[in-house]
Each structure stands twice: as structure tokens, then as C-alpha cells.
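For reference, the structure is listed below as C-alpha cells.
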């Protein structure tokens, strides 16, 4: 049957929840960043779907800006992970918990 | 044309979800990264279906070309001694939250009627996208500049963080 | 902090870019070389011990195999040593022939050295092929004279084994006329090539005092600006009759060593041209008893081989066999500099520096 | 004429200024200069006072009209000050200037060689100036300023030898006790100002008489003013400071604690007599306190062994008499037994006339004490004795003074006391009987003092050579002796508006005979115990042991005040309360808040686990909750 | 509307819609890929011959006429070879890596216009698609490096990726310059916009693109990947057999793709006076490729850090400047008149001079301070060598005659003359000659003669020592055998051997010896 807006939204929701699970459950910092990327992609799909079914280009413009932000976020995230790895020889999120009382 | 799009949508969706699950499920990080690349590709495919061709190319260029490479670099640089990416203490709660989130969002999506316009926007998006981005008053010139500054800041920040003293 | 311990890589005997069987144990910290330990001895044949049981004439073929890229100068040095020990005078023509042949040998050896060096810089064999073309011409001449292209065994105690065939001089004349043109071609190809300059300028700088203290010799020493050439400093045979300059480098880096070798080729062509002009007629070999028994005593004769000061130390004891036969191999001594030159540079530079020092393992290991 | 009035009290102040700013800092090597300046200024004031007296006598109604000057303008209220030149003021001027002049002359000898010589005469001239100012002031506020200045001078002079701890303590004690009184006085002034809007005494008197000020308000104001008088004249509750004030040099005691300052209280009541008299309760308190203080002080005077303390108690007793005089006449007026106009003048006359006489003979007695201690080196009468032979002049003048204070007929003391007794008899019979007993006691302790000090053999240390005081001390004593005799005969009472009496007529009244009889009895008892020793002092003391201890411990008032009031009530009571309040309530609150936050902090920080994913989880659960909420409630 | 679309629309009428689209696409894909493979084969052959010719040598000419079948031979050899899979590495990724490396190169051809309508699909984001796909190659390299499990290939994979990424940016920016002029992303419209080939309008852009492209291809000055002098053979050390051939093929397909892009972007694609458009494109492609391997055969290799430095400090700023200048020109002269050509050339020269001035190599400012003249001279020299006769000969067919005195490797023994005096045995330094003689009537008769040529030095001393000239050096040089024993030559073999003595030690024989073939025979006149 024809592919409506709901299909894309549900698809992006599924993707988002998978990414969310990954981000919250995984112990390796790099995998967490990967899952965050998946979540951002899910949002992108939803945005583009809206622009396609709403005949308004702002959806795509937003998608571009989300990509920019995602790129910046990954760059800084990975820089942090590497810096942490260098100083504490681990990327296991559960062992990077200095910021507590 | 319709059935073509439907078929390719279902295929791409299946691939995407499968690769996303793989990323989350696999223990070997490098394989997870490769599946991530596959996931990005399928997202680009979905963009093509949705008629956003410029975005599809941009997606491939940015995500696969840059971000995936960066992640793989990071994996190489922080070579994990203990195997792969075990899941942490919050496995079950996270799974629960994810599921709950999915259920609620689907409920929302299904219940609201989106009065979507179904026919396919024909013309290619590149020029109109450029118009949207750069045209004088209605355009997004300022956000564009800010995004540029954001990227610059991110790059300099990353360099300073990673530079070996 | 995560301490990155230095990795130790073995540039094994069979690595393509080392000149023959020579191993380097290089320790890296990241990209930069922290320590380099040359290991040689794979080609040790015990020539010096072997020659103690050979008659003086039988030793000559062994000297060919010491520095197989410059066999003529090996013979020349050995034969001079024996003549000095035995006090034999050799005819004028032989002297000239020896000089012509030695200088041709120097050009051939430098061609190989420069070709190899550029190949190490990654020039994909093209300059190497050009230089081999010129070397072939010289080898043709040698084949004409002594019948072999590599291990000539041309010189005999008291002179040379054979006189030159009639077609030798015209061929030599053509070679001598064309060679400067080819050398200019090399300059055009490489002297100002930005990538060559980038890879060699200022790389592996050898300060003059270190060179002198490490008793380096040949193009390696002259590259660092020390004007020391045995042909001029301690002129042997008839070198004092020819006039030629001694090219000297400025900075003592890899580029200067390359430049010195190119200029020396030009000077050698000048010497050969002068020698050809003054080639007298006459005997090529002095009367020497079949089983020569040089008097008791020791002698040290040295010549300026393409790689530096090649010296033969002979101890005679009135017997046909030398009591002690020692070779002062310039490559071995120049090789000791490798470690100081390479520290602080990257791996690619180490290969280039090794190429610029131009060693021949046969001479190093003996 | 107004310049004269101002000059009277400004001259001594000017001499104070001259001494303290010029002589003391620069000419300290020749201190006598300060004596000359003081004598000159006070002498001039005396002459001017006399001239003013003459003017007042000539003036109709004995009041000279005086202009007033603007002193302060605060906002819309302006305060004018001027001078009241009436008979009361003139009389007081004469008393103050005469006694002050005599004391300065006496002080030259007494203070000879004392390092604080200039400082002494500076304070003396300041005191005299402010006393004169007090007397002349026509404005309550102006009067209060001089009132305080006088208190200050008494403090400075009592504590003149400040390096002696007892003197310093006595000075502060005097100052604080009088302050308590002044507090009431100031409250009254302000209360009156709040009520009437003016400080001028004349206006206030007029308003009080007219009844403009409410009954109870007037009573409270009168009691306030009377409390100032009680404080300054050392009446019953606030009397403890005067005996201790004897630490100061004797001329000071003579001038301040005999004649002038202590009399200021009586003068105040006299000056504001119409206002006080118009409220029955107030005048009744005056009378009662006056009568009671008289007998009360007299009992303590009988048992003292210190020469000057006996005289101090006698002064308190005599002041009690003056208050009594004023009080009884006022009671009569308040009860309407006497016509208002006449009664008021009569009361003032009775009180001030006794004050006039008392000033002279009390100064004389103090001079006697001074010369006796000057010779023997001590004030303890048990170590004296037999001074009659060594110091004939001192003995003679002292005898005249004693006789005068006891109230023997022709002498000054008799006239004043007799008037008071007769008035008391008319209006307050109970107080009259108290007064009669006081007459007996006064006679007893004066002559006890006389016999112990001057009679019998010298009981002091052997090494002291008894010699008569120098002329400069004897001459003023003789002068005062004469005045003690003569002052009674002067028509002061009539001048002030009281009844006149004949020289011999007084003897006619049975009252006079009764008092004379009691006085003779007192003298006889003292003669018996101390001169002839028929009755041994010891046995008397044993027989009346409990009474004796009570009186000798001065009814424990000192202990009462120091321990009970100061320590137990104030320090342990109120201040302790304050201390507790400050510690527990104020600090408690502050520390409480701090402690509370720290405790809360220790608990809440447990929430921060440092695990990023925990925070992420919390965020998303929150989002889900919000979405669910909106879903359900639309 | 490309030919393919027309075909598809025509077909729509007959088949179900999905078939109408799918089948032609697959057919076209097969045709295109086979064409590409053929061209790649041609590329390989041309390169090997070309480089040979540059180096004054013949180059492969054995397999097939003029060696044309050489690439086929290579392919067969590679296919036959055993396909090693490293045990420690990751098997599946090891298998997948070459495919991922090869796929982008092939995918680029989907948008290369071989003619005005001969294009696989003309999507309007043509060039962006190319950039996106070309950035995919990086993933393949990573997978190869990672999966082969050995330390060196991982490190070299990281280095190669770093190089690819740093050169991708100048590549894209220079393309941006072209886009500003052409105004559209689609390849077809770019070519149509090239009334004046963009190489003239955008000289600096072309230069940067070309240099960045060579770096993308890992060739010549940037071929750090297989730098023998460095880490062996880079990330594909562990690959052999079919997988290695895929990599090799990927490299050349990518080269073909890049030259096709250069042709379309800068040399105005299929436009040409009279030849068919596709042919024009192929000519331009071959021209570009020739320049590629011409550079490869002359220039030495840059060191890793210089390489990176050149990318970031050299090409990237120049590309940005070029972009700004083109943008400025687009505003000032929207029509891009031809006069711009001169202006751009000037600007390009100026910029190169200025920018190279900044460069400094240890010691004084040397490289590029004479704006690349050295490289140009070197290239000119190698070009001149194209026209020189190669000095190598077809050995087995053409043989060189050695010098008369040549000391060949077997001795020639003249049995009659030999008198068994054993002078030669004594003279031999390695004493490999043992002769037994027995008394014969007129002298000694050589009974046995054994010479162990395994240890012979060919020094010729024995021949000189022979008093009776019974011993000669021979003139041939092909004695080789599998066993050491066979190198010991006995008397009978000497006698039986076909005697071709050389004139060593016998000057008089030299006259009748054949003249030596000299590489540089003396000039006739003397």
C-alpha cells in the first residue's frame, strides 16, 4: 500500500528508540557516540519526511543544520573520548565518573 | 512508480533497522562501525525516496565520508583492551524507556491526522534549497553563518583537546 | 598519562632499500627515530685470513671482491702496497693505464651510488636507469680491457695484466666527450627538483668536526666541507701530474654528498681526458719473479677509492704468502656515522641518509 | 543691667578658660597666677552680685526685667535664654560668691605645693561660674545645662587626686547617682516641653498655676523635677554618694558639698515652688522625704568616726530640714490653708533663709576639719584629741560653728530652724516631732565630734608636732565665724517674702524653748559620754548593739545599691537575660540556618552519581512522564 | 534525456513498469563495466610500456604482439595465485574490503557523460554524487588495514586515510571553482557550459585538482602507500590472489575515473571539432593518464609529514583563494568573457609564486621558491627520453657479442698441448683444478682433469700461468645447471665441449675474434 507520512515517522521513532537504548545501555563511549548519531539521523528522517509531505523546504534546511550540529558534536565528543583515553586509559563510561560528590 | 517506492522503502527500512540493531547489539566495535555506515547509507536511500536528492548526497558525504571515518579513527586510537562494547548497568531500564518511548510516539503519530499532501514534489531540490538558504529576507543566512562559526569552534576545541602537550 | 613506548622495527637483511645484506634495528618514538643500531657481518667471508695462505698474485682476484662496485681501485691499492713492500718500479704506461681505469671505475661507482640514492628517495628507477646506461658504457670499456664487467683482476704486481686493445681509445674518447653532457642531464633532472631538495636538503647533517673525529673519508667527508682527497693530500702513483679540483659541500647534508659525487664524476672525466692525451707507449708490466718473496716488513698503501680512503696493510716475511693482509675499508668507517646522522629524523630520511653514505657490504664485512 | 547679670556668671568661666588654655599649658612654672585670676574673677562677681542685690531691692516686687537672647533655632521651634533677676537669685548669688571667695582664699594655703594647683583653681572657677549660671537661668534647658556642668565639676573635684583609687571610685559613684536623679529631671523638662511647648520658667509657672497642665501630668513633672533635686542634694534614696565624696580636698567639700552645689536642689525646688506646690502629692513627697532624710542622716552622723563624714551626714540632715521647710509650707498652700500668693513666697523664704545661714557655718565647720587634718595628718577623730590647746583659733571658730548648727539662740542656725519648725508644727505635726528628735541628735553628734576632736589628750602618733594652721587659713575661718553669727540677723526672710520676726520675739514662742531644751540635752549627753566619760561609749554601744550595728553599716544602703541593684538585678538579671537572648535567639537563628543547609547538602549530593547515563535516563523518564501527562489530560 | 531513459520509456509500453526500469539498467551497467574493464586493461599496458620508454628500456613485449596481452597475463597469474587469508585478522571484513574499495571507482562512471546523451543517468547533483562516492574509498582502506591484523598494515592504512582525507578538501574546493562558472551540478550541463575549456578559465583550479587527484590515487609524489622504502606494501600486504587484483584494478579504475572527471570538468568533455564525442573524451582521458604516469616516472616521493604539510599549508589555502577569486569574477563579469583567461593565468602564476615563497624546508627556502621549475625541467628531460632508442635488447633472440678478451665461465682445454705441468693448478687462487698424470712415453699424460666450476673465480690466472697455451677462457656466459655436482667438469667433457676460446692472455688471437657490440660504438671518424 502507498507509503504515507506515518510510515516515515514510525520508522524514525523506531530508529530513535534503538539509538536511545544504545546510548543509555552501552558502556563504551565511542559506541554511545555512534548511537547518538543514529538518534540524530532518525530526527533527520522525520524532518525530511515532514518537508516532503508538507511541501515546505524548511524541513530539509533543518536537516542540513542538524547534520552540521551532529558533525560538530561528533568531533568534540571523540576529541573528549580520546583525551580521556589518553589520561585514564579507559573509555568505559562506568569508570569515568569523577564528577561526583 | 508507486509500488517501486513502496518496495524500496520497506527494503531500506528493514536494512536500516537491522543495521541499527547490529550497531547496538554487536560486541566487536569495528563491525558495529561498519553497520553504522550501512545504516547511514540506508538513511541516504530514504532521503532519495523522499525526493531530497541534495540531502542524500550531503548525507553520504558528511556522515559516511567524514563522521564514520572519524568514528573509525577514534576506535583505532582508543583500541579497547577488554572486548568490544559490553552493555552497562542500566540495560533493562534503558530498554524499558526505549520501548515506552516508541509506544508513546507511535500512539501520537497514529492518533493525530497529519493532512499530508501525498503527490510527489517534482523539481530537484538543489536550487530551491539554495534559494531557501541564502535568499535575502526569508532565507536562513544568519543560522548558516552561526553554523559556520559553530563548526570552527568545534574544530579548534577538538584540536586543542587532542593536541599532545 | 598513556605512555606510548617506542616501537622497535627491524629493517632486515633482505629489505629492498638496504644496499645488500645489511640490517638496521631502528627504534621509533611515533615517527621520529630514537635509536638506530646497524648490524652487519652477513657477508663476512674471512678474506683477510684466507689471503694469508695465498701467494701475492693469487690475492688479486680476492681484492676484486672486496668492494665489488670499485674493483679496479681495490686492485690498484693492493698492487701498489705489494710494489711498495717489494720495492718494484712499474713502467709509465702502466701508471697511466692504472689511472685511467681507476678514474673510470670512480665514475661507474658514483653512478651506482647516486642512482641508488635517488631510487631510495622514491624516484621509481628512472634516474637509476639513466645512470645504469652510462655505467654500461664504462663496463663495455673494462670488458674490452680486461675481459670481465665486474671482477676485473686487471692489475698485476708491477703493472697491468694486458695492454689496451686498439679499439679501446676511440671508444674511450667518445665516452669522455659525451659524459659531461649526460652529467648535465642528471643535474637538469635532479639538482633543482623541488621534491629531491625537500627530501635531502638539511637532512642528516654531518658536522665537519664529527666527520673528522669519526675518521670518515671520501664524498662523506668532503660533503661536510673538509677538503681532504688522498689524490691531492698524499698523491700516489702519477696523480700529481694531473690538475683537477676537489669538490667540497657546504652544509654536510645528504644533498651536499650527492652534489659532491656528481662534481667528482666531472673531475674524473677531466683526469681521464688528460691521461689519454699523455698516454706514453711502452711496456705495461715490469719483470717480476713468478713467486714473489717480498722482504720482511710491513707496508700500508692507501688510495682514494670512490667511497673514501681505501688502505692495504701488508706484513711480508720473505715468504710468498703475506704474513698479515689487512684492508682499511672506508664503507665500514663511514657506516659508523649512520647512527648519529639518523637520530631525530624519520624513517624515510634514514633510508635516504643510508643511500647518501653509499656503502658496499662486501667491503664492510670483508 | 543685663550685661551685669551675664558678666556675673561669665567672669568665673572666663577665668577657667584663661587658666586652662593659657596658664596651665604655658605658665605652669608659676602656678600662683591661676589663684590670682580666680580670686579676681570671683571677687568681681561678688561686687557685681552685691550691686545687683541693691538693684533688686530697689526694683518693684524685687524683679528686674531682663531681655532674653535667641540661643537655638531648630526647625520652627526657637529656644530663648535669659536671666531671672529676682530676690531668690540675688540671695543665692550672694551666698555662692561669698562662700566661693572665702574657699578660694582658704584653698591657697590648703593646696600649697600640690602639682595639680592650676587644674584645681580652673575647676573651682568653672564650678563657681556654672553655679552662678544655674542660679540666674530663666530657662529650664539653660538651667539644666548649668545643672550638668555643676555635676561635672563635682565629679572632677571629688576625683581631683585621681591617682587614689578611692577618690576615682567616689567621683564616679557621685556622678552616677546624681545622674540617676538628673534623668528624672530631664524627663520632666522634656515632658513639660511636650505638654507646653516652652522651657521658660515664668511661663511654665503661670501655666501650672492656671491649671493648663493636667493634674497627674503636673504631679509627674513635679516629682521628676524633685528627683533631680533629691539626686543633687543627696536626699533619702540617692544620698549614698555624699559621704564618699569626702575623698576630695577639704575646700572642695566645703564649697561644693556644704554650701553651693548640694543647695542647688533646694534652690531648684524653691525656683519652681509654685509649680510643685500646685500638686498636692508632689509637695507632700517633698515634705516627707525632707523630714525623713533629716532624721535618717542624723542617726548615721552619731556613729561615724571620720571627721568629714560626720559633717557630710550633718549636711544631708540640714538639707532635709530645708526640703521639709519648703514641703510643709507647700502642703499648707496645697491644702488651701494659706493664701496662694503669700504661701508661695513664704515657703521659698523659709527654705532659702535656712540655706543662706547653713552655707556659712557648714563651710566654717569644713574649714575646721581641714585645718585639724592639716595639723594631725588624719581625719579619724579617734586619733585626735586635745587640739584645743594646740589650735586655739581653730577650736574657737569650730565651737561657734557647732553652736550655730545646733541652733543656739542668737546664732544664725536658730533663726532658720525655728521658722521651719513653726511651719512644720502648723501643717505636718508628725514631721514636726521627727524634726524635734533630729534637733536633739544634731546637737549630740556635733558636740561628740567637738569633744572627741578638741577635748581630752592627743591620741595620735607621737611624732606629729601640732601647730596652728597658717594665717591664710585662719583668716577665712574667722570671717566665716562672724558671718555665721551675723547672717541670721539679716532681713533675708522679709526680702524673700516671708514673715519677719523680732530679735527677741522669737524667744517668746514655746517652740523655741522646746528646741533649745532638746539641743542642751544633746550637748549634755555628748559632754557626759565623751568629755567626762560618766557613761562609757562602750556600754552605750553594747546596750543598743543591734541599733548600733544597723546605723554604723549605714543601713546597708551601699551594699543594697552595689550588690543588689548593680550586680544582682542589672548584671545578673537584665544583662544576663540580654546575654542569653543574644546567644540563643539571635546567634541561634544564624547558626541554625547554616547548619540546616549543610545537613540538607549532605543528603542531596548523593543524587549526583557521576554516571552520565544515569542522568540521561532520568531526563528521558521525565520526558515520558510529561508526554503521558498531556496524553491523559488532553 | 540520456539514451538509456529513452530506451526505458520506449520499453515501458511493453513490459511491467518495474521490469522496464530494471532490465535496461542492468544491461547498461554490464555494458559500461565491461567497457571500463577493457579501458583499464589498456591503461595498465600503456603505463608499463610508457614508463619503460621513459626509462630508455623496452617495457613488456613478451606476451602477445608488442606485449599487449601483458595485463591479461597478469590477471591470469593473479587469479591462479593462492588466496591467503590472515588468521589473526577479521575474515569477513578481509573478504569485503576489496569490494568496498573497488565499488566507488566503478560507481563514479554512472554520471560520466561520454556524449551529449550518452550518460548512464543524468542526476542534477552529478558532481556532488561523485564527491560523496569518492569519499567512500576511505572506508575500504580502513577495512583492509584493520582486517589484515598486522601492525604495519594498520599503521599504513591510518596514514593512507589521513592522506586521502587531507587531499579530499582541496579536491572539492577546486571543483567548487568550476561549479561557480558552470552554475549547475549536473555533469552534462557543466560540459555544455565549457565553450572555453575550464582549464584556461581556471588554471589554478585545474592545477590544484590535478595534484589533489594524484594524491587521491596514491601515485607519484604522494605514493606513500607502496613506498618500498617504508612499510612494505602498505595496507594490502596481506592480500594476494583475486583480492589483490581487485585492489590493483580499483586503483586503475579510480585513475580512469579521475582522468574522466578531469576531462569532463576541465577539458570540456566530449566537445571536439569532428571526431565523435565519445572518442574525444577517450583521447582526453588517455592524455590525462599519460601525464599521470609521466609524473610517476620522474618525481621522487614526498615524506609523510611534508605530504601532509603540502596538503594543508599548500593546496588548501590556494584552493580557498581560487574559490574567492572565481566568486569575485562571477560577480564582476558574470558572462566569463575569454579575456578572463589571461587574468586567471596571471593570478595563478602570482599565487603560486607567493604561496610557495612561504614554504621553507630545513635550511634555506629551497623548494618551490623557483615555483616548481625544477620539476618542470625534470619532466621535460624524461619527455625527451621518450624519443631515444631503448638500450635493452630482446635477450634470447638478440645476443651481444662479448669482447674478444671476455673471460667466459668455462675453460677451453687443449688436450694435445697440455703437458700436465700443473702450473695452472698451482696458479689457481681457489685451487679447484686437480690433474692426475701418469708417465707417458714423451712426457706426462693427463689421466684425469677435474675443474670444479662451482667455485671458479674466472680470474684467468690459470690461463696466464699455462706455459704451453693449452688453456683458454671461453667466450660464452650461459653455463647454469640445477645441481652443484654437474658444475664439476671432467676431462672428457672438456674434450667433448665445443671450443670457443676467448683471446684472454693471448693478444694475438684478438684480431680474428668478432668485434664487441658496444653500447656507444666509437664515432667512425676516429
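Letters A, B, C, D and E mark the chains as written, and numbering starts fresh at 1 in each.
We take it that a residue touches a chain if its C-beta (ideal position, glycine included) is under 8 Å from a C-beta of that chain, and two chains touch if they have at least 3 such contacts.
Quantities reported herein were computed from a predicted structural model and do not represent experimental measurements.
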Counting hops between chains that touch, how far apart are chain A and chain D? 1
List every chain that touches both chain D and chain E. B
Chain whose mean Cα position lies farthest from chain B: D
Computing the C-alpha centre of each chain, which chain sits at the greatest distance from chain A? D
When the mean CA coordinate of each chain is compared with the mean CA coordinate of the whole protein, which chain is closest? A
Of B-D and B-E, the pair with more C-beta contacts is B-E
Quick check: how many Å separate the C-alpha centres of chain C and chain E? 32
For the pair chain A and chain B, the C-alpha centroid-to-centroid distance in angstrom is 7
Report, in whole Å, the distance between the mean C-alpha point of chain A and the mean C-alpha point of chain E. 45
Cα centroid separation between chain A and chain C, in whole Å? 66
List, in ascending order, every residue of chain A touching at least 2 other chains. 20, 24-25, 85-86, 93-94
Which chain B residues reach two or more other chains? 54, 58, 66, 73, 88-90, 93-94, 97, 101
Which chain D residues reach two or more other chains? 611, 613, 617, 620
Note: in the complex, chain E contacts chain B through residues 17-18, 21, 90, 93, 123-125, 128-129, 131-133, 135-136, 138-139, 142-143, 146, 154, 158, 161, 165, 168, 185
Hey, which residues of chain B end up touching chain D in the complex? 88-90, 93-94, 97, 100-101, 104, 107-108
Of chain A, residues touching chain B in the complex: 1-11, 13-22, 24-31, 33-35, 37-38, 41, 44-45, 48-49, 51-55, 57-58, 60-61, 63-65, 67-76, 78-83, 85-86, 91-94
Residues of chain B touching chain E in the complex: 1, 3-4, 7, 28, 30-31, 34, 37, 53-54, 57-58, 60-61, 64-66, 68-69, 72-73, 76, 124, 126
Chain B residues touching chain A in their complex are 2, 5-6, 9, 13, 16-17, 20-21, 23-24, 29, 32-33, 36, 39-40, 43, 46-47, 49-52, 54-55, 58-59, 62-63, 66-67, 70-71, 73-75, 77-78, 80, 82, 84-91, 93-95, 97-99, 101-102, 105-106, 109-110, 114, 116-118, 121, 125, 128-129, 132-133, 140, 143, 147, 150-151, 153-155, 157-159, 161-162, 164
